[in-house]
Structures are given as structure tokens and as C-alpha cells.
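Several structures are given next for inspection.
Common to both upcoming complexes is chain A, partnered first by chain B, then by chain C.
Let's look at the complex of A and B:
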């Protein structure tokens, strides 16, 4: 285990920022810390880096408790959201700073900086001061500096937040490759679910200082622990409709606009309960009226969204739902239409607690 | 609009001229006086036209005041040297003590840090005379009266709070993340202080040092009470120009010119450090 956080709590004055956070990351893996701003992600990174101390709990790096170990002795690299470059040093000196700290000789420093700079395509601006660099170059310089010392643990605090959309797109493709080449353990903080899904071997969803769920991107997307997480992952956001789970001779079902949506028989324990039915937009398909179980809707609008096209529809009871389909496929004109709901992919949440109700498994 | 801005320009010019005249005229007049004899200075009406003479400067530098009746020995040059020595040493000591202290007050929030910082500032509230009387007695008892060491110590009352409060502000303006980044890169607390905090607060430290130097240089009352003739700075030494046989305005003027020269030169030299702010462009775009 490369990084192990156990029951970390931290408060500033009376405000609890982190409350009993436990996270483990295996060597060479990337864990994405995902959550809204103010969730405590940055504080957690700073605790790992050692620039602030936790009120309670234990942090182990490569199996060693780092309580009381100074930041410079933790063998960590960190890229800050605001870059935090040294303004009075040129890009070369910035990137070289972990190497000078390790007292490497001049030629080793030189080649170390050059290699990284070439990799990140900033070798032509190494003699520039930070204020002469573009935002993208600053971001790459900060990244190179974090990587230069070959740290055991790399902390990336939303590194793509302050760069423009084009660069962010490029870096989303480049960064995972770069990180896997380095073979370091990475903690990556982001508020962007696409980044989280793209980079993370695992994702820890954190909100209000509490870890809500840890899992692979697939886990989080397919079985979000609660409705809040389901809403954070996915674009457009998941639809949810209030339903009551019912049972008859045929099986378990819920009614959407008086049409039957058959559910997995494992939901038997939810029968009679007020639930929210979570339906991903891509699980709503437009079908002809003759399709069994077709639900009537009124198509209100169509919006192209990157590779998807999204239709905003109203159900017979006037509830808004969104359906998405790959762009280029034929969609309905505005007005009455029918949709089918892929029952296998729906999620059921407790309406009051928002927790996911998982179907019981039968063997 | 055009008319208005013409009028504005004229008014602005008049205002600037008035201000320059108000501040610079006394200096110019003293500069002219320093090249005149008492007779030409005191004639009525005064005139800017005269035959310049270097006798004032010559007698100051040689240390012999030639009054109308007798020759008086003065130690003006040694006073000047005292001023220089006291001010430079005080500011150096003040910087060595004050800059790390300012960093501690800015970065390490320890218990009572605000109270201690405020106490140091409060030294500036009390009139110097208030502390001088007890200080004189103590200094005489412990043998610090009339020593350079004692004077430099007392000068810290002027210099230290100034340096501490100015430099602290500059340290606080450095984003903490920059220092964190340097430490995470593997550098110690002290290396971070030397390589990051000090250079980034450089303009502030230069400004504080310069101001402290001027304050120390212009100090009068501490040296008047605590130092005897051979340790006195120019501010006190200039009193010697007022003699029983009269006041030699020309020599006073020359003395003033000589004594403002170092601060003036320093201010000119350090100006660019004061103006040049290191913009922290690395933090936000």
C-alpha cells in the first residue's frame, strides 16, 4: 500500500472540514478525489503533503507513519491549482528545484529538466520567468516541477482548472499516459466528472468532509451510493422520477406515466416504498407507439451536446426528463413521441435518504 | 472638452509648480546659503546673486570654525562619521533581528504573536523623552551611557518596530503556496526562508531599511541625552554652530548640505527598489 489514510479529521476553528476520512491507494495507481468545491479535497492534499497537520488520524506513505515528518522529507510532488511557481526563478530553476534539493550534480539536473521539458513541450521557454509564460506553459512547468523529483506520491490539485478548454482537452489525453509512464502513486483532485472518469483507477467521492463512496469509475457510474453522486456523474444529469415500487403476479414494477417499467426481482424489499427512479438519459430510447410498454412523452427541445444529442421531454404528468442519443441518429420532431426505458439500467434510490437501494441477488 | 482639458493642464502645471516651490525652495535656499558668507546671507533685501565661496565647507572639513572674534574647534566631520556609523549599524542590527522576527509574525501563528507584535509597535507611541529619563539612569549604572553599543541599542526602539511592521506586511503578501511548493520540493524551512521569502520580500526589506536609516539618521533626542561630544551624530553636533559670538548661518547651511547628502544619495539609489514591486505573476494568470 503506497498511501494509506486512516480516519483523518481536521477542523479549522469550529468548522469541521474533514470528518473521519479513510482512503488507500495502491502503488502506481491513480486515485481521483472528486467532489464539489469546499468538500475538503485540497485540505486533504495538504495534510498528505504535510503543510498542515491533521487533528486526528494517521497518514502512512509507503507503510511509514509520517506524523511529524516535515514536508521536505515526505518524498512527495505536488502541483497546485494556482501553479505556485517561484516568481523570481525561471522555468528551468523552477523545475530543477526538487533536484537541487536532492543535491544532484549539475549535469544530472540539466538532463533531468531537459527530459521533462521536452516531454511536456516547454523546452523552448525554460529561460522564461513565470510571468512571461502563458497559462498552459505555467501549468506544464508546475507539473514538470512536481514530477522532477521522482516522488513516491504525486498530488495534483485540480491542475487543469486554470487552463483554457483546448489545453484541458489535450492534457486529458496526455496526462494519463504521462502518469502511467512515471509509475508513481497519484492523487488527483478535480471537480470535473469527465476528468475523474478518465484519470482514475479509483474515484473517491467526497462531500462535506466525508467520503461518500470509493470505487472504480465504472462502479461509481453504474452503482452510485446515493442520488447526489448519481447527479454528479453524467452529462446530462440523471433523470429521477418519484415512484412507488409495486408488486403483482408478474413481478416487481414501477409506474411511469401509468406505464409499467418492470424491475429486477431483487427489488422485492423495496415494495411499497416511496422511491426515486434514476434513469440515465442514454437509457431512454425513442420507440414507435406500438413498442411494448412505450411511455408517451412530449418532446420540447433538442440540444446537440458534443457527440450526443439531448432531447428535453415532458411526461404525461408534466415532469421533465432528458433523453440522449448519439449525434447523427434520427430523433423525433418536437411534439408527441414514445420512449422506452431500459429497465436493466435504472437505479432505485430511497426517496427520503437518497441512498441507493441495491437489488438482492439470487443465486 | 478640449478647452476644459487645456485649462486642466494649466491648472495642473500651476499646482505642480507651487508644490515643487513649497518643498524645494528651502533646500535650494540652503544650498545657496552654504556658498555665502554671513554678510551676504543677512543683507536686506536678500538676493540670489552673490559671489560663491567655499570657506564654509573648508572650515567644516578642517574642523576650524572661524567666527568674527575667534577660531572655534568643532568636530563636524567626526559627527558625520558618528551619524553614518550609528545609522548603518543600527539598521544592520535592526534588519538582522527584525526580518526573521517579521517572518515569524507573518507565518507562524503562535500564541500571543499578535500581542507581541503590537507591543513592539507601541514603542513608537510613547514620546522618546518618556523612556529617556529612566534609560539614562540605567545606562549609567550598567555602563552603557556614552557608548556606541548603548546608542545602537536605543536606536532599535526607532528602527526595529518600523522594519518589523513593514517587512511583515510584505511576507504576508507572499502566497503561502509558493513557500509550501518549495518545501514539498524538498527544501528545509530555512532554505525556503532564504531562497523564497527573502527574495520575494526584497523590495519591502529595502524600503524598510531605507526608512529606518532615515529615521535613525535624523534622530536627535536619544543621542543628545545619551552621548557625549565624541559619540554625537551631526543632528546633535550642529548645535555647536550656535556660539556665544553669534550664529554662522553659512556654516550651518553647509553642515546641513553635508548631513543630508548620504540620505539623499541613498534615497536616489534605492528609489528603484522602492518602486519596483516584484509582481507575483506566477500565481494567477
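Let's look at the complex of A and C:
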């Protein structure tokens, strides 16, 4: 079943929580809702579930307007953050409840519950009541219950929050496959950008009740609509440097620490404009001093993470920039060094509005 | 006075009656030095919060001793222990403002009202709660309450600071920002702190040493660097590190010229004998059955080698996480660019001896890291 929201608005008292939100999810696809707390993500899920009504706008499930349709008649599965497990039933009975409601036979229920419990690593606590479960276990029980009924539409509100990194990683590999095997249409809320990129066929970045950008993970990461989105995706966070886009006989360029960084000629329309030059840490490469356009920096600190090493560098003007490189590769631990900033890896934002300036293509 | 600030000596915690109750903390001994930041890291239910609650005095120890400096404290009431705490559910006083909640911690101190105000403003700015100081706890968000509670703990003068998931409610970006500031605050003042977390990034970023716990037992207590390079056992190896370490059962056979590690499905990893130290070769020959571990970012792709089949390829911006079926198990690789590999594609795998960890298959304890015997 597909899902289509058109121009949805919702206020509580005088506060506008959602302001003209339109999103579409095709059958069997996953849309990730990504944004800070208070952005309106959970409210949006509750509207789709039918627990609350929008002030204006339309919600269609499989092309049919669901205005006035009761939550239980929408064929939507949910796992929300406040768990809402049945307190008098153990985890097994909680997970089995949608199957029991569908009047499936005992062995089908048994194997359905076991498979999910195993996947979510809660098979050892199936006989525990909710109050005997840790928060992480409650969360996974709620997720298993939502998955058990194989609903056509599934709404998941940050289901892996409070889960340790190992299990989170395993879920990140396995859950998208399970969902696509079941051909479930999913809206998945998360604040973890890696999860967003791994789960989402598309990602809708939402803040202050407004959709800022909708696109594939590739769109969002490579051409973020504004600097705020660029900062939300990526770890360490994207570097940005104040520059003025300039032009001379050779072409379009910007100066970083008085060194020339050549830019795509499509940026001609930004000449003279105050801009922020965005460059991701993994695109900052250490190079020999002789490298054309090498920018001098001072390496201040080195932080080895798991799969990469992060260097904190200072430019000649005292701006901090982060460079990251794969673990095991050689780089300067501290002291003077040179980095290269390649035109192909640069994003240019309007300094005042924060909007991405895309280079004109016809050049 | 010694340099040991906190000394846990053979501490146990049982819940319920013996025999059928839960053994939440099993015979843990550890020493925390003055000025150190320690993280208790583990999955939910591993006993890390029970540990912290025993140090705080919210739970009695079932057995063992706890000392702070020269004082034995395990029989003292919480208020007599001189520890500052920020706990989940260790709630703010609802009838006074956030400012008064934080300032209350300095009530019995010698500071003037002006000094107290300055200190509260300073710590509120650090934790990004300056704008809510005049609000009441009921009107602020969970994340703000958590920071107010953290401020109230950190502003105090105490021997020990106990922080239970202090940033659990906060957004990732804010968490990253505050991590650095909190660490600097603690270090500048030479405070001693114990942090409970399930988030290894937080543990790595904040802690001088990490105590990894599972099933109530201390699995390893070492610096983040040591835990990464030399995990003490399979649990630590596969729990700390993102993505987790790959592990495979293997059988070692040693000859004059080669070391062969045979995985399931008869996949042989063969190396020249001198790639492994003589001591390790002797030990491998004796054991036969082992468990082999390799970190995802150390797995290499070559033109020829043992074949793995791609199951999932997830691109995360600066890296690709590729999960494969290999030797009857799952092998995950991290590559640093956008790898174009699709489902069911076959790739050839090579593991460098210096990247291989070997564990005892019966005890799970580490035998070697990087082709050198431990010890």
C-alpha cells in the first residue's frame, strides 16, 4: 500500500507543529523522517495512525482518503517510543497479540514469535512481563509486536534508540531486508544519520514542522539543500569556511588561508557573494607542500576512532577544521602540514541564508 | 593519601533469594585513580547500573567492600558518602526553578549569593540551558531536565561524580558538543568521575579507561586504545568496535613452511610460517581449534583469495558497510569510498596476519593480537 500526505498542517493551542507537510511513500518502500526533537516527526506519525486529526490537508492510504477512518481500520502497525506494551502479558503474548487477533493457528504463532524474538535478541526474555524488561528490551518487544502482524504500513518511531552499538548494527543490516521481504511500506523516524542512510529509500529532513528536503541518501549527503542539513549528516561534522567567491582570468576561485582553491566554473553567479565553503572531513587530504594549491595547516590533535582517524587542524587564520582518513593510513600526528581542497568535493552555501548554491550546469 | 580514589574490593550484588535470585554483579574488584574518568560500558542488564547504585548508596552491597580515599563507605548512607550524582529518575525538585535546583547543591557551601549565581550561569552556559534557568522542571523537556540534573551534580564539590547515562535523552549533535565540554570541565578541575553508558562512542570520547561489563562480570578494564587493539576476550572484541569484530571458528594446522587456518566450508587461510611468531605457532599447534577475529575495516579485497558473497551494501556517506556470507557465517567489511557492489556478487577476501586476533575456542580468552602471542 502506498501512502500520500498532502499539505498537512497541525497546531496545538497557538503552536504550529506541522506546516504544510507533503510526503509520499511508494508501496514496499521506506521513508525515513529525520530531524531534531520537536521537529514534528512523532506528531506526523500519530496523524497517519489516526490517533489525532490534522487541522488541514489530506492523508491517503493506497489512494483512498482516510479522513474519519478509525485507527484500527487503517491496517497500520506501529512501534512508538512509549512502548505501550500490555502490562499483564509476558513478552511472548505481547508479540503474539496481532497474530492471535488474526486467529492464526498455534504453530504459526509460535514460529512467528520465535523468528522475530531471535532476530531482535529477546528470545531469552519471552516469559518476562514488561516490568521485568529493561528499556531496550521493551523497545524491541514493541518492535517485534509491530512486525508480527505483517502490516501493510508500518510506523516506527526511533525503535533502536537505547540499543547498544552491536545490536544496533546487526539490526541495521537485517531489518531493512526483513521489511523489504514483507513488502511493507514503512515510515521510520530516527535521529541517527547512519540509520537514516541505511534504512531509507528516501529521507525527508524535517525541522520546525517544515520539510526541508526529500531525497535519496545520496541526494541528501552529496547535495544537502542547506548548511543545517549538511551538518546533520556526516561524522565528524562538515567543515565550513567563510569565503568570497572571486573571478579572474584563470577562472572562479576562493581563497582559503590566502591559497587559491579553484572552483567549478558553474559558480560564476556567486562571484562577489559572501559564502560558506563546505568540505567534508573525509575530503580533506594531507598532501606534500609541493602539491598545487596546498593549504598550510597546523595539526593540533589526533583522535583514533574505530575505522578512521580524525585530525583537528588549524588554518593560518586560526579556523578549526577536521580531517578524517581511514585507520592504518599514514598522516601527520601534529605540527605543520598541508592539505588539499579539491573543487569536486566542495559545497558552496549562501553565507546569510545557509542555502546551497548549486553550480550552473551549462558551463 | 593514596592516589586511589575509589576502591571496589570483591563486590557482589544478588537480587532476590539466593539460589533462584539474580547475581547482578559478580565479584568485581577495580580501582579508580584520582582525576580519572571511567566509563562502565555494557548492554542493558549487564550490571553496570547496579554497580553505580552501590557506589552511590542506593543499593546495599551483598558482599565486598567499597572505599573512597581512606574511608570505607559501603555501610554509609548516600548523603554521608560525599558523592555527586546525576541519575535517570533522580529528579529535580518540582517546586523550585531550574536555577534554584542547581544552586541548591551549593547551599551549605561558603560561597556568597553572587558567587553562586556566577557559578550557576557558567555551568548552565556550558550545558546549553541558560535560557531555561527561571522555568520550573515540569515545563521543560526531558533532555533539559537531564542537563539540569547534570549541572546540579557537576557544580557540587565532591570526591566522586557518578553519572548514569547523563546524555541519554539528548540529540546526537548536542551530545557530541557537550561531550567535549564536560570532559574539559572534569579534567580542568581534576575531578574523578564514573560514567555509565551503553554508547561506546561516548565511552571512547570521555573515558580514560573503560570497564566493559557483561552478565555482572568485568570483562576488561583498560584504555579505549588497548580495548580496541587488544580485546581480552571474544565478548569485548565483538562488543566494542563499530561495526563489531567478525569472528569465525577455525582449526589451525602448522607445518614447517605454513600456518593454515581452516574455517567452515573448508575455506583455508594459508600464510608463510614466519608471518606468525614461533611462540604463537607452538600454541596454535597445541590447541588446534580456535576462534579467529578480524575488524571490519581490516578486511581486504584482493583479485584472488577466499570468496565471500555480498548480502547487503550500505553506503553511509564517508564509508560503505558491506555484509557478506563467508565461511558459513557473516563477514562485514568497511570501505572508505562508495563501493559499487550488489547483492549476490562474489568478492575475494584477504586477511593480513597482523590484523588477526586469535581466541581460545573454549574459554573465549584472547591468545594473540596481530600474530604475536599475548604476554
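Criterion: the second predicted complex is superposed on the first by the 326 of 363 C-alpha atoms of A that agree within 3 Å, B and C clash if a C-alpha of one lies under 4 Å from a C-alpha of the other, contacts with A are read in each partner's own complex, and residues count from 1 in each chain.
Here is the rule we use: a residue touches a chain if its C-beta (ideal position, glycine included) is under 8 Å from a C-beta of that chain, and two chains touch if they have at least 3 such contacts.
All values reported here derive from a predicted model rather than from experimental measurement.
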Item to check | chain B versus chain C, judged by how many residues of chain A each one touches | outcome: C
Next on the checklist: Between chain B and chain C, whom does A:97 touch in the aligned arrangement: first, second, both, or neither?
Outcome noted: first
Next on the checklist: Let me test your reading of the model: by the given contact rule, A:221 touches which partner, first (chain B), second (chain C), both or neither?
Outcome noted: second
Next on the checklist: So in the superposed three-chain picture, is A:234 touching just chain B, just chain C, both, or none of them (first/second/both/neither)?
Outcome noted: second
Next on the checklist: Once chain A of both complexes is superposed, is A:162 in touch with chain B (first), chain C (second), both, or neither?
Outcome noted: both
Checklist entry - So, does A:307 touch the first partner chain B, the second partner chain C, both, or neither? => result second
Next on the checklist: Applying the document's definition of touch, where does A:318 land relative to chain B and chain C: first, second, both, or neither?
Outcome noted: neither
Next on the checklist: Let me test your reading of the model: by the given contact rule, A:135 touches which partner, first (chain B), second (chain C), both or neither?
Outcome noted: both
Checklist entry - Which of the two partners, first being chain B and second being chain C, lies in contact with A:198: first, second, both, or neither? => result second
Checklist entry - For chain A, which residues belong to both interfaces, chain B and chain C? => result 135, 162
Next on the checklist: Under the definition above, what is the set of chain A residues touching chain C in their complex?
Outcome noted: 36-38, 134-137, 162-167, 169-170, 172-173, 176-177, 191-194, 197-198, 217-218, 221, 231-235, 237, 280-282, 304-308, 324, 326-328
Checklist entry - Which chain C residues qualify as touching chain A in the complex? => result 42-45, 141, 143, 168, 171-173, 176, 198-201, 204, 225, 228, 238-239, 241-244, 295-298, 311-312, 314-319, 321, 323, 332, 334, 336
Checklist entry - Contact residues on chain B for chain A in the complex? => result 175, 177-178, 180-189, 191, 196, 199-200, 278-285
Checklist entry - Touching chain B in the complex: which residues of chain A? => result 46, 49-51, 70-72, 74, 76-78, 80, 82-88, 97-98, 101-102, 129-131, 135, 138, 145, 149, 162
